[in-house]
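Here the chain labels run A, B and C in written order, and each chain numbers its own residues starting at 1.
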Amino acid sequence: MEEKKAIIEALVFAAEAPLSIERIAEILTGTERADINGALQELTREYEERKGGIHLQAVAGGYQFRTRSDLGVWVKKLRTAKPVGLSPAALETLAVIAYRQPVVKADIDRFRGVDTAGSLRGLLDKKLARIVGRKDVPGKPILYGTTRKFLEVFTLQDLSALPTLRELKELQD
Amino acid sequence: MGYEIKLDIFEGPLDLLLYLIKKNEIDIYDIPISLITKQYLDYIEILRSLNLDLAGEFLVLAATLIHIKSRLLLPVEEDPSTEDEEDPRAELVRQLLEYQAFKEAALQLDSRPVLERDVFTRSCPAVEPDDREDLEIFAEMDVFDLVKAFQQIIAKLDKTECMEIDVERMSLADRINEIMDRLTEHKHLTFTDLIGERTDRRWILYTFLALLELMKLRMIKAYQGESYGVIRLFLAVE
Amino acid sequence: MEEKKAIIEALVFAAEAPLSIERIAEILTGTERADINGALQELTREYEERKGGIHLQAVAGGYQFRTRSDLGVWVKKLRTAKPVGLSPAALETLAVIAYRQPVVKADIDRFRGVDTAGSLRGLLDKKLARIVGRKDVPGKPILYGTTRKFLEVFTLQDLSALPTLRELKELQD
């Protein structure tokens, strides 16, 4: 393949949004827009004729590679959503529960300096935290702890496998 | 000084030593220890004269070199039992060879096509936005993130709040969870039930400490009819 | 193009991470793994022969489309953020972890002849290394290993794709 066309293909593929001819011209300095457009047309045709799983499409003022629209039913099975981690707030709350369990919400709040109702609910929903009992003091507040799933998600043998703060401090210079 | 030295280019004392060996075209298996020790100490002296912070490891290796040199200078004893004695340089040579292999491995890694430096993956959505399903999948999570999060919280807190978390405490949490699970299931248990068949001290100790913690938290109640009698345990709150 | 091959191409393209043959087999029920592997090999060859901007690459136990490695200099211009490289110290530490995993920090320090706290911490932050457990010796020190991201970043199919240290030694001789 002609080298310039290959570069254009790589650029369109790697771009974070549909890539415009203008943007390509900025990168491939000295190349005429008409030539860039020509290369994009050729690429579009090649992918179409090939009848593969990928098409080059003109979209939102630029060009973008997309899966062939009639294959959507298959692609959906992949669950294209990116795996989500925990939000920093949820992670902090989970950390307090992991290291301070069994712990009441008031203590988690005090540790984090904010109300943790939202992230606590999220952790319970995700089955990373659970209610382990009630403290026998006025108001009988709920005590929280971590779950077996927590150990699985974080690949921990048991809670004693959690690194201690001292160990983490040793990693800091 | 007969040689030029670029500062800050050495990753550590072993790296410096390897450089000196290569520069002098020395056989790594037969290091002339006097020459190398002298050059090594000269280098350290330069660093010192420039008031550069010298990592402790550089001094440790200097001491090792001097020690090896002194052992080589000792007269060889007639005693036949010393014949098998290892060359005083052997350990250092082994260390240098290992380090050299890892250094080469590091360069090999760096020469590979590195993601986001040499090669790039798709970053646009691959399908029409409407076709995307918002399914939540759990990413693999790293326990390091968790500790880091806790450490950040601790850093913000008052020093007096900081209790050291140690391995023992975490094992205790495991035991507490197990005891609460069993009590929820069985309503009441005896201390002997909890200990079960196991007789190792660690297990008994953690069970006992877990019970103390649970009583302190007022999550359980313990009753004992008479001294040395059966200890019965109940959930404090149903 | 044969329809199944087109679907496989679309799946690999749409996946957010290198896609394994196992995962494809789960989606394309009734298709033999050997056939899936065959299609992937054909696709790899087609893209190679085409000499375009994109290649199909076997990496981290799966397949992923990537830009051709010699076009990196162009694609980089698309990105505003500078790629953060690894320092020689970090690379050395990573090499020791990769070849000696699971490994404790004391051993990494010994192999490198320096304290590796700083670079180890950096590798954990960058998710190239991770805590894999504790060694069953007094003090239960933390064991470190490499991550899946390590394989992806350094374009490795699996850990066995690393050249052996012995091979490296032969290269030097």
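We adopt the following convention: a contact is a pair of C-beta atoms (placed from the backbone, for glycine too) under 8 Å apart; a residue touches a chain by one contact, two chains touch by 3 or more.
Everything numeric in this text was worked out from a predicted model, so none of it was measured.
Enquirer: Name whichever of A-B and B-C has more C-beta pairs touching across its two chains.
Expert: More contacting C-beta pairs are found at A-B.
Enquirer: Select the chain whose centre, defined as the mean of its C-alpha atoms, is least distant from the mean of all protein C-alpha atoms.
Expert: C
Enquirer: Just how far, in Å, is the C-alpha centre of chain C from the one of chain A?
Expert: Each chain reduced to its C-alpha mean, chain A and chain C end up 18 Å apart.
Enquirer: Report the inter-centroid distance (CA atoms only) between chain B and chain C in whole Å.
Expert: About 23 Å, centre to centre.
Enquirer: So what's the Cα centroid distance for chain A and chain B, whole Å?
Expert: 28
Enquirer: I need the residues of chain B touching at least two other chains; which ones are they?
Expert: 120-122, 126-127, 140, 142-144, 167
Enquirer: I need the residues of chain A touching at least two other chains; which ones are they?
Expert: Within chain A, residues 10, 13-16, 65, 67, 75, 80, 82-83, 155, 160-161, 163 contact more than one other chain.
Enquirer: Which residues of chain B touch chain A once you look at their complex with the stated criterion?
Expert: Going by the criterion above, the answer is residues 120-128, 131-154, 156-157, 161, 164-168, 170-171, 173-174, 176-177, 180, 184, 217-219, 221, 235-237.
Enquirer: Quick check on the complex: what are the chain C residues that touch chain A?
Expert: 1, 5-16, 19, 23, 27-28, 50-54, 65, 67-68, 71, 74-75, 77-78, 105, 115, 117-118, 120-121, 124, 131-134, 140, 142
Enquirer: Along chain B, where are the residues that touch chain C in the complex?
Expert: Interface residues on the chain B side: 11-15, 55, 57, 61, 95, 97-110, 112-122, 126-127, 140, 142-144, 167.
Enquirer: Can you list the residues on chain A that touch chain B in the complex?
Expert: Those residues of chain A that touch chain B are 10, 13-18, 64-67, 69, 72, 75-76, 79-86, 88, 91-92, 94-96, 98-99, 101-102, 111-113, 126, 132-137, 140, 143, 145-146, 153-156, 158-166, 168-169.
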